[in-house]
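A single structure is presented below for examination.
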Amino acid sequence: MPDPAKPMIEFRGVTKRFGAFTAVRDVSLTVNTGEFLTLLGPSGCGKTTLLRLLAGFETPDEGLVLLDGEDVSHVPPYRRSVNQVFQSYALFPHMTVKENVGFGLRMQNIPAPEAEARIKEALATVSLAEQADKLPHQMSGGQRQRVALARAIVCRPKVLLLDEPLSALDAKLRHGMQLELKRLQRKLGLTFVFVTHDQEEALTMSDRIAIINHGRIEQLGNATEIYHRPRTPFAADFIGQANLLSAEIILRNGSKATVRLDTGLELVVACTDLPVGATKALVSIRPEKIHIGRTPAIAENVFQAKIEEEIFQGATDQLRLITDQGTRFHALVANESATQEAYHEGDRVYCSLHLDDLVIVQTE
Amino acid sequence: MPAPRPLIPSGLTLLNWFLRGWTGLVFAFLYAPIAVLVVFSFNSSRLNIVWESFTFNWYERLLTNAPLIKAAKNSLIVASISTILSVVLGTAGAWLLHRYRFRFSRAIQTLVAIPMVMPEILLGISLLILFVTAGLKLGFTSVIIGHVTFSFPFVLVAVQARLQGLDPALEEAALDLGASPLKAFWLVIVPCLRPAIIAGGLMAFTLSMDELIVTVFVKSAASATLPVKVFDMARVGLNPMLNALSAIFIIATVAFVLFSEYLKKLSR
Amino acid sequence: MHALTPATPGVSDHNRPGWKAWALLMPMVLWLLLFVVVPGLILLVYSFCERDEIGGVVYSFTWRNFERVFDPVYLRIFWRSILYAGITTIICAVVGYPVAYYMARAGEALRNRLLLLVMVPFWTSFLIRTYAWITILKQEGLLNSLVQAMNLNLGPFNLLYTPTAVVIGLVYAYLPFMILPIYGSAEKLDNSLIEAAYDLGAGPVRAFSSVIVPLTMPGIAAGTLLVFVPAIGMFAITDLMGGAKVPMIGNVIQNQFLQARDWPFGAALGVIFMLMFVLTYVILQRRGSRAA
Amino acid sequence: AELNLFGWSEYVPQDVLDGFTKETGITVNFETYASNEEMLSKLVAGGGNYDLVQPSEYAAELMIRRNMLAKLDKAKLPNFKNLSPEFLGQVHDPKDEYTVPYMSGTVGIVVNTAVVKDDIKGYKDVFQAKFKNRLVVLDDNREIVTWALYASGLPVNEINPTSLAKVRPLVSEWVKLVKVFDSGSPKTALLNGDVDIGIVWSGEAALLWKEDQKFKYVLPAEGAHRFIDIFAIPADAPHKDAAHAFINYILKPEVSKIVSENFPYTNPNLEARKLLTPEEQANPASYPTGSPKLETFRDIGKAAAEIDQLMTDLKSAQ
Amino acid sequence: MPDPAKPMIEFRGVTKRFGAFTAVRDVSLTVNTGEFLTLLGPSGCGKTTLLRLLAGFETPDEGLVLLDGEDVSHVPPYRRSVNQVFQSYALFPHMTVKENVGFGLRMQNIPAPEAEARIKEALATVSLAEQADKLPHQMSGGQRQRVALARAIVCRPKVLLLDEPLSALDAKLRHGMQLELKRLQRKLGLTFVFVTHDQEEALTMSDRIAIINHGRIEQLGNATEIYHRPRTPFAADFIGQANLLSAEIILRNGSKATVRLDTGLELVVACTDLPVGATKALVSIRPEKIHIGRTPAIAENVFQAKIEEEIFQGATDQLRLITDQGTRFHALVANESATQEAYHEGDRVYCSLHLDDLVIVQTE
């Protein structure tokens, strides 16, 4: 079992440029053995480039990349115990599924019977035991992606890099594979670096999440930290849905403060994240934290609003609200059902907001 | 969709160096004889054997050698026309064979390969017999027919290789947006095939510029191409005038390339 | 990612040619019939005829020409030609592959420039190039002077008019025709496949042999075709750089038309020669389409 | 007006063609060949529209027999008189009805005396094991077989399977000694130092001598080939007048002189010879002295094919 | 304004085969003018093929395709007022963004000034006004997809076919584009046929949804019907998350019936969907319909369960539960927050289930 205290991966001030363009800027990051780290960020922010630096396809222009304590900045990819699931699958088109999965083992000169067994196991893990003799072009996108996954895990590398490994799967299959991956990672004690653009996936699976923007790490923390305590407007906005409201601080009162939104609506927030001299703040409110009712609830902030639009989302309804002052919000409520009251467009409702559910993400 | 990542990844430094060095050596190999003939085009000795002294004499004599100039002109005419025809025939053929399932696709495909494998002398003689039988007067037409026959398959093969990687949705998108099949081909497919068309066209041009044996048989005296003239002059040993001619050709080409790239840069 | 999943395979309706598609295909088909099939038939007819004293063709049926083709003398020549062309092809592939690969991986501007530079030397007539090679390889030539000047304690090399010189000449003449098709298929090669091989622990050599080569096989096959076939038929280089000592099949065919004036025999040699290739080609094509 | 001339390569100087055009206004389309057989092939295939060809004596003999040549109009050739009778009335055209001699020459041995100190007199002296890979010879099957026939004392114009069988071992041995077969420019290998002895056209030898007198020309004692290359007009020539005009022009002494300067073969034009410099006239390859045994070739019909097969066989057997 | 009552698209018994494989079987379907229809189904079920039949790239083997009342089964694609956003974008690589978007207008010979204006508008709609002069390969996947969208909408076709048009966008952008598309569709009164593998997207955007499986329409209805009243196990399982439980009918009592699960747990269901002779049934329960509490709530079905696993999903927590009888469920609860009690692994809780929230999807 690997030692979970020891860092398995370390980036020390890594910068990577492509010509004039800086894809990764001064990234420092430590991933512990057995940890599940997710890189999350918009397209083109440098996630794949970070993985490539780890896998050895790129050399850093500045800084060091350490694997298991050893500087590998100039070690070629085939000498690193790191395997990758490629964003584009990168299956060898001339090899069957079995041959694809067995490639890494062949390169390690694993004896045939053992290899055979491991391939079988890996294919079973991704539910493709039956398809071992197909060629990649005979499979659907989702199946291919699973082959790519099996090909990487069969090598049992110390570090597994997964570049959007589930993006081609429909929600059903995706959920199944998420659980499977997580189980695998725990069982083998592997270190995972995972890239996704699906935030729910990130929140569900990761030990820690790094929010990347323009080649920089914007925030690093576990799922609840990232979700409940975004540090920057970008992080707040990028993860989940957020109502981002800019406000003026008009009153400080012990551990609380009152802020006024542009429309005039006043809200009470906690002072924890408010530096002393700040006069302006950006407040983030998660839609599901806004409690909707026909009657006002007991909370620091209560105000009335009208439902402008109701959008059915399956398990939840999204409500677009406008307060009497003119501030627009959106909120989530459980969908209409036997036990749940229904709200409709045009209804006037009470919104209640708990003090701790208003998060300050930026001050001035 | 990952960003395009050209080149060998920077993590594979050694491989990078090897490839670069090797390519350099091969280009040295390709250009060694070219360098020699450029140098000897300034050699005062008529025999290409030892360096005597520097002279422009061969260039001067070249410019007054009307038959040679005419042959060069003929060559350019023949190569240009047959390249154009080859590109048209080869590209259209490749597209149609790729795009549609014709009944005799495979047979046609094999037929296309025959001129590539046919020894030139056989092609030359049999075409000559055909032309003489059919009463076609030998001249530019017969030469161009000969050249197109063996060079369009090269274009076809090059374009076909490229087509295999082309997203069929591109054509569909064009049709979907209201383009007729012909317009879709011209406005969308042809531009997408450009690299292959250029490579194929280059091969066709090169083959035509360098073709001797077929031409010897199907040319008339007035349509003799440069290789025919060069062969007449050079099969008894190298003539520095020919060196001069080659040097001019190569320098003109390189200059042309640099110039057109410069123009491209300007227009951007 | 979806862009990478290939479009649905198989024959869709708009793959069925209408009359317009047929009409557009016709020029090429006619061209092939007129200028490939008809001349081919002429040769076929000739191959069963006899010659007269001056070299004209007498239309009387005989198998004699084909019997002669299978005389050990000519079989030996066939074999030798295949050997030389084979060696040439292998060297071209080995020498040309890294170049093609490098070009395919280079940036677009450099790529186009290199592509042109590979072809430009061949716009001088082949005879001129060959003589330039003679200037380099001859006894008192540039190569030997260079070796001498560098005091390398080597040589002098006696290269000209040897089989080595012939192979050098052949490799030089056909190298671009190997490089271009390989370039074509390497250019399409998905980089991430190579990276996947490295990622899974394959060093450069194994990545090359088990992933890169199989995936660029169409290019290698096309290059082989474009080099091997003309190399077998080549005669001028064997004459000029090899001293015309050992005839190749190209020389023999050439000789029947230009020296011995035995066209029917030349045609018979040519028919067999072409048949050999068409068969090989059809077999390769079959295999290729089965593998795809 | 036009003239389609089909001639030997490196035999007709460009200056002469230019001069003709200047004088008559007739443009010359010049095409070349490297052997009589090549020329015959193109003529038989047709399509060439040639007005004037330049066969050697034995090819002319064949062409006359096959009615491929047009009779000459001597009235249009006033300069015919300049020719030496030595080259007229030959067996291929006893009445000089079809042909006009252009140049003559011999096939003989060139020795680089700076390297080879032996006294080389004939074929047998050339083809010695010690000269292996030091030899260049013409790439001409009939020539090579002829040398072997001379060396074996057999007749060179009556070739049959028996005589061929007789010389086969000899030729087989010779072929192995040769470094270069080249009829286009055999002098090159000698000049380049790649070989030391050659059996070549006399014109080539004369050029070598001009370059460096260490290249000595020897006519083989066993006998040598004397060729006469002639001008003739194909029966179907479209511009017969232009062809006559060209022949007449070439026969002018000052024009013929230019030919000799460029290609120092034996000039049959006596008036032209007078205009040559003493050195040129003294070039032993162009104008051999003494009384060597010389013969012209006759058409040998199908034996040509047999010679060809023999040579192909022997060369490829190496 | 088009007439919303008239069918814009009609499939009449359409079957499409590829060799021996039947990609679309006997599909009959009517889409009204101005309607937003979504095709939803697993990979390879025939969605793209249906679109291709509409666009004119395939002709039906059987049946008819009608557009605006006219049989177009044999009309070529370039003569149909239908535009498609391709699954693979299919941008012309040699044209700039502007040229790509303007291609359709050029084909229609729209005069330059008008074309210019429309291109500008379309690009603004997809927030790409700034990128008009870039080439496709200079853009990220998400940007390319938006160009494909702009290229299709700029033509203002009667019918717009969208094949997974938002799949490459991150959640943030995706939400924005969803709203934008919906707005556009309403404004121009366009008929949309939309393919997605994102169920939430389907539920949010569509007027009606067609669930496709193996080339057949399994269910057709609006979002709430599809979500709340799945007709088949496939539909129930494919949309949202569902607990599918097979049960035996042990008692009928007026409008209610009692069923027993394999583990012995007994539940009360409504008889509405239970045919008279049925003895077995498959019951579907949405996870969010299971009410979790420390105390039993008032409902037809109440039972106790233990929390086996708690998975953080952002706005909600997923709980995996096991009843005392051994039946496994999953349920959704709002995530822990100032006003929401937290549940943890190992906790024992009461589950309450309303009669109407148990849906019978299959009987025997």
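Here are a few things to note about the model shown:
Chains here go by letter, A, B, C, D and E, matching the order in which they are written, and residues are numbered from 1 within each.
Operating definition for what follows: a contact is a pair of C-beta atoms (placed from the backbone, for glycine too) under 8 Å apart; a residue touches a chain by one contact, two chains touch by 3 or more.
Everything numeric here is computed off the predicted structure, so don't read it as measured data.
Annotation of chain C and chain D: jointly contacted by B, touch as defined at the top. Two chain pairs are in question, B-D and B-C; the one with more C-beta pairs in contact is B-C. Chain D and chain E have centres, each the mean of its CA atoms, that are 91 Å apart.
If each chain is reduced to the centroid of its CA atoms, chain B and chain C end up 15 Å from each other. Separation between the centroids of chain A and chain C, computed from CA atoms only, is 54 Å. Centroids of chain A and chain B (each the mean of its C-alpha atoms) stand 54 Å apart. Residues of chain D found to touch two or more other chains are 188, 192. Looking at chain E, residues 57, 87-89, 140-141, 168 sit in touch with two or more other chains. In chain B, 1-3, 9, 12, 14, 49, 125, 129, 167, 169, 181, 231, 235, 237 are the positions where the chain touches two or more neighbouring chains simultaneously.
Those residues of chain B lying in contact with chain C across their complex are 1-2, 5-9, 12, 14-15, 18-20, 22-23, 26-27, 29-34, 36-37, 40, 48-50, 89, 92-93, 96-97, 99-102, 106, 108-123, 125-127, 129-130, 145, 148-149, 152, 154, 157-158, 161-162, 164-165, 167-169, 181, 195-196, 198-199, 202-203, 205-206, 209-210, 212, 226-227, 230-231, 234-235, 237-238, 242-243, 245-246, 249-250, 253-254, 257, 261. Residues 35, 37-38, 40-41, 44, 62-63, 66, 68, 136, 139, 141, 175, 178-182, 188-189, 192-194, 301-302, 304-305, 308-309, 312-313, 315-318 of chain D are the ones that touch chain C when the two sit in their complex.
Interface of chain D with chain B (complex): residues 2, 4, 9-10, 14, 29-32, 34, 42, 45-49, 184-185, 187-188, 191-192, 211. Across the complex, chain D is touched by residues 47, 49, 65, 67, 125, 128-129, 131-132, 138, 217-218, 220-222, 224, 228, 231-233, 235-237 of chain B. Taken together, the chain E residues at the contact with chain A in this complex read 42-44, 140-143, 168, 170-173, 175, 197-200, 203-204, 223-224, 227-228, 237-241, 286-289, 291, 297, 299, 311-316, 318, 332, 334-335, 337-339, 352, 354-357.
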